[in-house]
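The following blocks contain the structures, represented as structure tokens.
You will see two complexes here that share subunit A, one where it goes with subunit B and one where it goes with subunit C.
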Partner chain A sequence: MDIHIRGLRKTFGVSPALHGVDLDIASGELIGLLGPSGSGKTTLLRILAGLETPTGGDIHFGDLDMAGQSIQERRVGFVFQSYALFRHMTVADNIAYGLRVRPRATRPSARAIASRVEELLGLVQLTGYEGRYPGQLSGGQRQRVALARALAVEPRVLLLDEPFGALDAQVRKDLRRWLREIHDRTGHTTVFVTHDQDEALEMSDRVAVLNRGAIEQVATPDAIYDDPATPFIYGFIGDANRVEINLRGGQARIGDTVLARVGAGKEGPAELFFRPEHAAIDDGPRSARGTLVALRRFGAKRRGEIRLDGAAGDIELDLPIGAALKPGDRLGVRLDRFAIFADGRRVSVLDLATRAA
Partner chain B sequence: MSDIAVRAPTQGRDRDATAESPAARAILIGLAVVILTLFLFLPLATVFVGAFERGITGYLKTLGDPDTLAAVRLTCIVAAICVPVHLTFGVAAAWAISRFDFVGKSLLVTLIDLPFSVSPVIAGLVYVLLFGSRGVFGPWLAAHDIQIVFAVPGIVLATLFVTFPLVARELIPLMQQQGSDDEQAALTLGASPFTMFRKVTLPNIKWGLLYGVLLCNARAVGEFGAVAVLSGHIRGATNTMPLHVEALYNDYDMTGAFVVASLLASLALVTLAIKTFLEWRYADEIARRRRH
Partner chain C sequence: MSLSDSLVKPSPLPGFGPALGAALLWLGLLVLVPLAALVWRASGLGLGGIIAIATQPRIAAALRLSFGLAFLAAVLNVVLGGIVAWVLTRYEFPGRRLLDAAVDLPFALPTAVAGIALTAIYAPNGWIGAPLAALGVKIAFTPIGIFIALVFIGLPFMVRSVEPVLAEFDPEIEEASATLGASRLKTVLQVVLPPLAPAFITGFALALARGVGEYGSVVFISGNIPFFSEIAPLLIVVKLEEFDEAGATAVATIMLTISFAMLLLINLVQGWTRKRMGHV
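Here is the complex of A and B:
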């Protein structure tokens, strides 16, 4: 079911948690809410579930206004970071819970419930575990039971709050891939919250990056990584270099090198961002000049720290392993892809690979 | 204890670096045994020996005394009122404190703890000053022919006061530690709040609740100070078991005193047994709670 969020606001006491969030989620989409702690991502998810009441704005599931709908009426599947399994019930009873608490008129027969439980156990690959108690399962298994329990009620949307936050790195990786598969098979509209950028980028169809209670960008993982819309995303996701520059005469320069035309009327200080892998050593005319300050081995690559002429602070850059370079060498840096922001707004993007400036 | 026995044959060679020497260990254990015997086992044994001084028949005869039976009955009535009241109040208070933020929450927590820090005698005195014939509400109560002080209502009030924190104090840390995720999960799965409480909340807190009820019951039965101030010591009418023990003792009826005392002591032993069972059955949850 598609979800439409308009002007959603939430205030806790005097501190705003969300101010004016708009978000459209397509039916069957898997969307990740990514942000640092305190960015409002969990609040947004809990409002969708009805666990928190918004201060303003509205939410529609399809054509259905959620304003007057109670938690129970919303029919959402919610998966908690803490699993929140009922510890005194077996795995099978946990999964069946949402079906058993239905009023008699809409409650499936005992046999139908049993077969649904069986089917879901198969889906989450826990067949044979129906008689166990949550205390007898590993963290990963518990979270799979929690997911089966949420799916049992045929939810309109599936909401997951840091679902893998309490798990080991390896289990996490496996579960990510596995959850993506489940999603592709069942096709539920799914929203999950995470502070782990790898998780968000790997699993999501689209990622919504939140910061201080507002959405900074909603885009595909590729676009979020390669084409961040704000300085915050450059800093929050992946590695990025930030160079303070000045806009003068419609041009952005580092030292004497003209990087881009930004149009007349834009003057004064600006920030230039680029990722280490989007720059290369090149002595051509479009390169900025600088001095190699330090060299470090960085996984399969070599990282160089370079002090650009006419710019404050050092930048980091991926260097070829074989290149004969040593600290103190003069070199040119060609930026293949970067973005320039003035007052937090993007004024110029350049991508030499596609020749779009 | 058990690992001491296991290590005994090889002691000296591969003893734990942090363990005491065998001599120190023997002295410490011996000291503990002596103290326990002197101050716990001997008095307890004395109670039962004294109670059965005139044999089983003498015991039963003393127990059949109308005043004694009245004291037992009154104590049961008091416990039967206090325990359900605090069961309800304790769950409600723990729920409110662990699930909601509201103005005056810390004040409520402090108030719940108040009976622990106030001497029971003072608590009794406060009720006398409030409801006694010369108390604040005294004239009004007298005019409406309501007797609180030196009557059963006063005893119940005093016991309610001293047992006030026991159930709530057990549940608050437990429920705070468990959090509300389970309950919210039940709601998102379509459970009504009442179903959620019955099927999720109550099973999660049942051992803690039972533990609190047990402590509450033990205190309600055994309370002396507050009840002594309010009861008026009317035999066969307002004497609870602990008060009756004192009354018999003051009459130099040692056997009678010991007989009633043995009932109280038996109740204490049963409470202890159930408590031990609960702690064993429910060890992990209690351990978690103790950390707070």
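Here is the complex of A and C:
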């Protein structure tokens, strides 16, 4: 089911948690809410579930206005970071719970419930565990039970709050891929919250990046990584270099090198961001000049620290492993892709690969 | 393989020997020796003699009254104590700290003071007793009065057993139940209360045990009418005052045996519940 969020606000006491969030989620989409702690992502998710009441704004599931709809009426599947399993019930009873608590008129028969539980145990690969108690399961197994329990009620939307936050790195990786598969198979509209950028980028159809109670960008993982809309996203996701530059006469320059033309009338200090892999050593005319300060091995790559002429602070970029370079060498740096922000707003983007500037 | 190797599971914690020794020493000096002396004294009567005393009508009536009322009072305290613990842990309201402290008063108050206060209130000329007397309900000097005194002194046991467990209860579990469509009532009955069962059983056992042996707060309000409102602990005192030491020890031994059997049973139920509720 599609979700439409308009002007959503939430205030706790005097401190605003969300101000004016707009977001449209397509039916069957898997969307990740990514942000640092305190960005409001969990608050947004809990408001969708009805666990928090918004201060203002509205939410529609399809055509259905969620205002005034109780938690129970919303039919959302919610998966908590702490699993929140009923530890005095077996795995099977946990999964069946949402069906058993229905009023008699809409409750499936005992046999229908049993076969639904069986089916879900198969889906989350826990067949044979129906008689166990949550205390007898590993963290990853518990989270799978929690997911099966949420899916049992045929939710309109599936909401996951840091679903893998309490798990080991390896288990997390497996579960991510597995959750994506389950999503593709069941087709539920799914919203999940995470502070882990790898998780968000790997699993989501689209990522919504939140910062201080507002959405900074909603885009595909590729666009979020390659084409961040704000300085915050450059800093928050992946590695990025930040260079303070000046805009003069409609041009952005580092030292004497003109990087891009910006619209006339934009003058003064600005920030230039680019990722280490989007720059290369090149002595051509479009390159900025600088001095190699240090070299470091960085996984499969070699990373160089370079001090650009006419810019404060060092930048990092990826260098060919075999390049005969040593600290102190003079070199040119060609930026293939970067973005320039003035007062937090993007004034120019350059992508040499696609020749768009 | 030595004996200690075969009987004791190895533990990484050092000091098992001294710790167990100290525990057994205290338990022995403070609990087992006096109780053994009691049983030894009573054994002079022989099993037949004890049973004969236990079945004397006045003593049997007192035992029934003591155990019956202690049981009923503990049952009521499950409800009352549960509600008080719920209010104290779930809501923030002015005076919560004060209420929290007041719960412990029955622990701290000399029981005789509590007994006299309760009697003054529930006597036919007391604040609550007078209007009730007008309706024809008599509380003081009847088993109902005893019941009220036992509820009073048992309440803190219940509250203090349940409160910490309830305070630790993860609110997300209730939220999970709500998102799955369960009404508030179903959530409380099926999700919140079952895991609290071990704590309730503990509180019940403590309140029951305290109620059975309670003397000070009861003797004033009960009126101590044989066959009607005379409790077993009082009967022990009466026997002693009559220099019937054998009779007193016999009643005491009977109470001890029943109490021990009850507590053992409750502990067994407790162990079973804990396992069922997932405290492995």
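Quick note on the criterion: the second predicted complex is superposed on the first by the 357 of 357 C-alpha atoms of A that agree within 3 Å, B and C clash if a C-alpha of one lies under 4 Å from a C-alpha of the other, contacts with A are read in each partner's own complex, and residues count from 1 in each chain.
Methods note: contacts are C-beta pairs under 8 Å (C-beta built on N, C-alpha and C of every residue); 3 or more make two chains touch, one makes a residue touch a chain.
Bear in mind that the values here come from a model prediction, so they are computed numbers and not experimental data.
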Fit-or-clash call for subunit B and subunit C when the two complexes are aligned on subunit A: clash
Touched partner set for A:Arg149, first subunit B, second subunit C, both or neither: both
Contacts of A:Gly32 with subunit B and subunit C, given as first, second, both or neither: neither
Partner chain in contact with A:Gly290 - subunit B first, subunit C second, else both or neither: neither
Contacts of A:His88 with subunit B and subunit C, given as first, second, both or neither: both
Partner chain in contact with A:Arg102 - subunit B first, subunit C second, else both or neither: both
First, second, both or neither for A:Pro221, with subunit B first and subunit C second: neither
First, second, both or neither for A:Phe78, with subunit B first and subunit C second: both
Touched partner set for A:Gly40, first subunit B, second subunit C, both or neither: neither
Subunit B/subunit C common contact set on subunit A: 49-51, 71-72, 74-78, 80, 82, 84-88, 97-98, 101-102, 146, 149-150, 152-153
Footprint of subunit A on subunit C - complex, ascending: 170, 172-173, 175-183, 186, 190-191, 194-195, 276-280
Residue ranges of subunit A touching subunit B (in the complex, touch as defined): 49-51, 71-72, 74-78, 80, 82, 84-88, 97-98, 101-102, 146, 149-150, 152-153
Residues on subunit B engaged by subunit A in the complex (per definition of touch): 179, 181-182, 184-192, 195, 199-200, 203-204
Footprint of subunit C on subunit A - complex, ascending: 49-51, 71-72, 74-78, 80, 82, 84-88, 97-98, 101-102, 133-136, 146, 149-150, 152-153
